[in-house]
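Reviewing the structure listed below.
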Amino acid sequence: MKALREAAEKLLREKRVSLVIGYEDRKGRPAFFAAKPEDCGRLAYDASCRQNLAAYLGKPEIRARLPVAVVAPPAVLRSIVVLTAESQLPPGQVLALAVDGDSFLGTFDAAGVAELLRAKYSTLAPEPALLERVQGLLQKSPAERAAFWEAEFSKCTRCYACRAACPGCYCSRCIVEKNAPQWISTAALGHGNYTWSVMRAFHQSGRCTLCGACEAACPQGLPLMLLNAVLDREALEEFGSRPGYDPEAKPLIGSWSADDDHSYMR
Amino acid sequence: MMKTETSTAPAPAAFEPRITAFVCNWCTYAGADLAGTSRLQYASNMRIIKLPCTGRIDPLFVLKAFENGADAVLVSGCHPGDCHYTSGNYHARRRWTLFRKLLALTGIGDDRLFFSWVSAAEGQKFADLVNDVTAKVRKAGPFCAVHPGRRAS
Amino acid sequence: MARIGVFICHCGENIGRTVDCAAVSAAAAKMPGVVVGMDYKYMCSDPGQQMIRKAIIEQKLTGVVVGACSPRMHERTFRAAAAEAGLNPYLLEMANLREHCSWVHSNQAEATQKAIDLVRVMVAKVRRNRPLRPIRVPVEPTALVVGGGIAGIQAALDIAAGGKKVVLVESGPSIGGHMARLSETFPTLDCSQCILTPRMVEAASHPNITLMTYSEVASVEGFVGNFTVTIRRKARYVDPAKCTGCGDCFNKCPIKKIPNEFDAGLGLRRAIYVPFPQAVPNKPVIDAAHCTMLQKGKCGLCAKVCPRGAIDYQDQDRLEKVKVGAVVLATGFQLWDHAAYGEYGGGRLRDVIDGFAFERLASASGPTAGLIKRPSDGKEPKTVVFLQCCGSRDDKVGKKYCSKICCMYTAKHAMLYRHKVHDGRAVVFYMDVRAAGKGYEEFVRRAIEADGAEYVRGRVSRITRRRDGKLVVLGADTLAGRPVTIDADLVVLADAVVPRPGSEKLAQLFGVGYDQDGFYSEAHPKLRPVETAAAGVFLAGACQAPKDIPETVSQASAAAAKVLGLFAKPELEREPVIARVNRTTCAHCRACISACPYGAAKDFDIVDRAGKVLRAVADVNEGLCQGCGTCASVCRSHSVDLDGFTDEQIHAELNAL
Amino acid sequence: MKTLGYFPGCSLEGGGIELDLSVRAIAKAAGVDLREIEDWNCCGASAAHSLNHSLAVALPYRVLALAESQGLSEVLAPCAACFSRLKGTQVRLARSPELSQRMQEVVQRPYQGGVRILNINEFMASLLEAGLAQKLTRPLGLKVVAYYGCLLSRGQDIVTGDDAEDPKGMEAAIRAAGCESLPWNCANECCGGGFSMSKTGAVLDLSQAVLDEARAAGADAVVTGCPMCHSNLDMRQMELVKRRRIPGALPILYLSELLGLAAGLEPAALGLDRHFIESRGLVRGGV
Amino acid sequence: MKTIETRRLPDLAQALSAAGYCVVAPIEEGGVVRFREWAPGLAIAPGAVPANSSKDFLFPRSEVVARFALEPGGFSPAPVERSAVKTVVLCARPCDAAALTALDAVFNWDYRDGAYNARRQAMTVVSLACSKADEHCFCTSVGGAPDGVAGADAILRPADGGQLLVLDELTEKGRALAQAAAGTLSEGPAALDAPAVLPRRFDSEAVGRWLAANFESPFWKEAALACLGCGACAYACPVCHCFDLQDETDHAECRRLRNWDSCGFGLFTLHASGHNPRPDQSARWRQRVMHKFSIYPQKFKTLACTGCGRCSRLCQAGMAIAATCERIEALGR
């Protein structure tokens, strides 16, 4: 904690960044924005931090204050690499204060983040419990699966907290906001809720780092990570895709290989 | 090809599925044309939406078809390597590989969502495909009314 | 407010027999936005078209749906009719009631219901159609012909004769290709060089043709009408402007024992050489790999003897850009390497040769001056076995396909051999004799009946060399049903025709498809056999499939005609199915840029008046875009749309189902 | 020390004992431990596959299952027929899960398919790669022809990595022994194989053709890896010599013997004294 | 006093259900307590503040407000079935009930909203006084109280250490309900539990004064940095009532839907021209605070906040409106 605060303070003091985005040392560990060196004493990090702070990097208010530093556990580091690969971060304008568990790993630029991930986190895997939940659901019949989601999606109020929480949801005009035509019904009713959540997850394939911020943000507790996890697994198994490691990566959707599977096609 | 059972008057209780097909202009649409010029008879349950290439097909189209009451959806285009636009079908293939798994998790499985390659020369394959898909969906029954992806009537 | 007209065609009885056309037009008339619903016996006939034109004018229609045959059949017809009546042709759509409905269903109620659905879908779509204008791009009226064989020469000459400029690129030192290597040609037995060399000279001297020999295509940019092609001019080490072709250099060159590729390795050449005496241009090049001056810095003899100082050891590859509007690929073929057949000696038996080697032996200008002598000992072979389908029609080791020309040239070889060696025996092993062509069957019969070639139907299982130098050919005579052993002096294998090495890479440069064997894919096997899927790129000759000379020349002329047709207008019109980017909503994730098969989607900087970059977005180059729509479907925010197949149109179609 | 499973089969305990002796000797010289599969049984060659398909698979299946259960991941079958039967069974099992299932029931042993089977050519190549080449201190300077016959050249998916029509699998080993492998016409011609007893006349004709070609090519000896080939060329050659159908005797060596000689091993230890055609004179200063 | 044992709340629900009420109550599901329709067998969780508010049953998150049938050459209005089921919200929080005053005001201001008023007429609110409060609660700062009765038709007050609930009828609707549930209620003495202790955190009038004068304050830029712009706060709020009208059309029909909307969304004020008068999140957060504590009170003489704390409880970014008000009050001093 001390090392993190010192590193953040140094960045602000040396004016290398105008803002450090971190977690605050109070209950729930909400987002905290240190603009002055003396603010850095309020920074904290532990496993209860659920927000993916990379989501702030798309906000106009934050972009107006570049360069900034972000307190970043591994999943957030990966989000930074994803945003770099998708040309969303101006080069050299975002530094990561890498943290993991209780330890502070140092200050990294985009290239350094990718290197750190390759060196230290090349084997990050989804939580087994999550995969078990996916497997459990897949073992049910299609009708049972439909009923499960019917019950879940009926709770959705379309507050879009999931979208706001996600660094990958950086579109300036979300597809659900396109009304000519309105592909996804904005009514908080079954079909619109279904299409929204399915497409939200699909649009994150190749971007999602399974950070869990969307599910944590959902006021209704929808199991959104099931959708993310099934896509993550498929993308890894079929295409060897591991988002957030290669800042030069071609987009998963938007590239192809002649060897891609099509055994299910006739 | 024999007359399919659809050409006889259906019993009142018989379930006639509604199937929406998204096909590319250059291969499958032309293959369907060939089935026509060859007078191959097939089930009349499918309605084709023509697009230039399978590469144009957004997963949202499929969801919209289900939302509007389709009992099944077929996506069909040029064989790998044959794409009129060289690689639109490869892009499509990658998308479907991911998307079908996502839909499977939500209860839309292989008896609702079909993919195929049908070339301009494969009129017979197209006719067989329509018959086969129709038979499978007829067996699977109406797309469950409780599925969250379907619009309540 | 939309005013849609719906016109249902009975197509005589073709549609009317199964679909109740009156019911369809009545149902259509009640669809939202529809103001006219009519049906007629033959919509494509003049009165039918007149009906549409009249309705467009009188009813002030804003869109038309014609329910008739496949749009592949008559879309152009009806769109032209709409245009005549003053309606933008892209405001007309067709519902396919024939191929997709009446011809494939027999139950009238079902077929009629489906027809109504198909019409409803198209009505919903056409309400969202927008007037489109064909894309117009200026055309650079210069053609690039890749390959200087007979196909390339013919195409270049025909285009040049049509008054357009041609750049003819050939990778070897001379044009002429394989045809220059042939002795005589079937089925007329005219001398190949006698008919070819005048064409070669004409190509070199034609004011409209720029010849680039010893050159290769390095890269391609642009699109139909506007290609920029970079040509690699390989270092010749001889300045063609200074060289007179006197031959002093290659007569003095001390490196003498290089097998000459032109002679299938049977003759020899020097390190500085022209491949054959009639070469065009008749100016030597230095083979750097064999030249001691270039390899070790020793010798320099050719520079010393050259009276014009044309030798330049410092010469380097140069890149040259040409702007062309169309391309003809005529890269030809080569023979498959029969070394893959271990049972035929695995390429180690010197007297087992391929067809080109035999051509050079039989050619008056060849290494033996037209005398048939076998390579191992220079003796005249008294028994020659010809083996057809070597590597063809064999999907285990060779190729699945029939190489098409081997039956004919083998018959010619047997005939030529018998003409030259009267006491010799020519035995031909064949699987089938495929002699479909004008005068071809007669030619084969002549080889058998007049010239005494012995045709044995069967395959050869093994060729071994006996210590006395005889080649023992073990085969089967499947008509007689017994094994055959022949002691031969020379065996000629009719090796399969395969594409030239590097042809796949070239295809990728031009965006042309190719099949599993590497032959270039035509746009349509029947109706567009000369075009490729890449607009403005045409095919001539054996690069597309094995072909003989008349077929090659025909296709070359056809390709030339296509090029001249393209150049006939100063501008090119293309279907306006083009992707567009909504720059306001584009988030610049670059997925479309990665996905575009044509490199048409690219980065674009939005700048203020001072030129400061405000934001980067994606943009689509209309000239390059072919309209597949892949960009639109990878765009998460649907900030890319495709004219003619817009989100709104597709959404409306789906809602109509 | 590397351990390799060893399947001698019947031949190597009888007519092909020289192959057994020489393989064991060269393996020892190369530092490879050959561990005989315990309780091995007949591979089924010659007879089983023409009589009963199940039996023809079940016999090799049991051998493979034993090897696997004894922890042998690689098994050398020097006899070309044994190799062909074992490898052929392996290929068929891999293609058909049903067959595997049936065999497991018939033989009452599981086999997961985890055994790699080597023929003598592959074995020699692997020894050379593992350092045997340095131990071949006695280049023989012979001109030989490599004779593969059918079982070491044919069988798609069985003999892999070689060209059935133009086999090359022994070339490297022959060169390593300091010999020249001459080009010739009969590398994969038939020796007469299984007709040795039933149609001796045919075998004599076929063997003679092979021997004639070998002599015409200028060979000092024929090198083979197959006990059937060896017996047809070696034992039946006596008859050809006796009937004066060939001008003189031509030694027939196993590939393992050739390498053993080049490694300086005693000819008797390699079994050279057991051949019908005298071959010990091939080695300079030989016995 | 009319009493019922706390554990017998389902019996009360059952009785009301039998009497023709649609019973809405806090029910736990998957770790989240929500107001939802009660059904036999479901337990009632009276202790917690549910994730949603009772406004869901007056002003649903999506409803069809008009229908049009498409015809050749035009369209014609089609009837919308409007049902106002007799509903009781059982164990509403006093802060939920208090919100009804504010909602009634806005839905009956220049236009009397038929759908809202029909449901309002048919709804009986039985609130449950709070004997506990958490760090997000601040009803006492906005004119409410843990045992406040504003907006309620009846109130249940915990007694005997939470074992019993005492029912007080406050309105005619409340009395009708008590009558319908008479079978489950007992008459007898009970020792009322003390209401939750909740010190006032800020002076809402002082906040309102500062707001009215500080639209352009730099405070907003900094105060809204954490806000990610979702609608979780607005959708959980018992008073927020903004909506969006959307037409959804298929080939036969057009449905006009009224869907919840939130001032937190950028799209909320985006003009067709591309101009957005609230261009960033600080402008949107300012709007939220000003609307609740300045604009709304000026117009309707009541705050648009009842201090339920749902918005801060649910916010993923830790935005807390009470904390903002405290800071504003400090700025005003």
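Side notes on the structure shown:
Think of it as A, B, C, D and E in the order they're written, each chain with its own count starting at 1.
Just so it is clear, contacts are C-beta pairs under 8 Å (C-beta built on N, C-alpha and C of every residue); 3 or more make two chains touch, one makes a residue touch a chain.
These numbers come from a predicted model, not from an experiment.
The fewest steps needed to get from subunit A to subunit D, moving only between touching chains, is 2.
The set of chains touching subunit B and also touching subunit C is given as A. When every chain is reduced to the mean of its CA atoms, the largest separation from subunit E belongs to D. The greatest centre-to-centre gap from subunit A, using C-alpha centroids, is found for D. When each chain is reduced to the mean of its CA atoms, the one lying nearest the mean of all protein CA atoms is B. For the pairs A-B and A-C, the count of C-beta pairs in contact is higher at A-B. Averaging Cα coordinates per chain places subunit C and subunit D 52 Å apart. Work out the mean CA point of subunit A and of subunit E, and you get 31 Å between them. Distance between chain centres (mean CA atoms), subunit D to subunit E: 89 Å. The geometric centre of subunit C is 72 Å away from that of subunit E, both derived from CA atoms.
Counting partner chains per residue, subunit E shows two or more touched chains at residues 250. Taken residue by residue, subunit B touches two or more other chains at 64, 68, 81, 87, 91, 95, whereas all remaining positions touch fewer. Multi-chain contact residues of subunit A (touching two or more other chains) are listed as 175, 183, 185, 189, 253-255. Pairwise, the chains that touch each other are A-B, A-C, A-E, B-C, C-D, C-E.
Residues 163-167, 183, 185-186, 216-217 of subunit D touch subunit C in their complex. Of all residues in subunit E, only 70-73, 75, 249-251, 274 touch subunit C in the complex they form.
Chain contact summary for the complex, subunit B toward subunit A: residues 59-60, 63-64, 67, 80-81, 87, 90-91, 93-111, 114-117, 129, 144, 146-152. Interface residues of subunit C, counted against subunit B in their complex, comprise 70, 72, 96, 98-101, 103-107, 109-111, 113-114, 117-118, 121, 511, 513, 533, 577, 595, 597-598, 626-630, 632-634, 638, 642, 644-645, 650-651, 653-655, 657.
Taken together, the subunit C residues at the contact with subunit D in this complex read 341-343, 346, 348, 464-467, 472.
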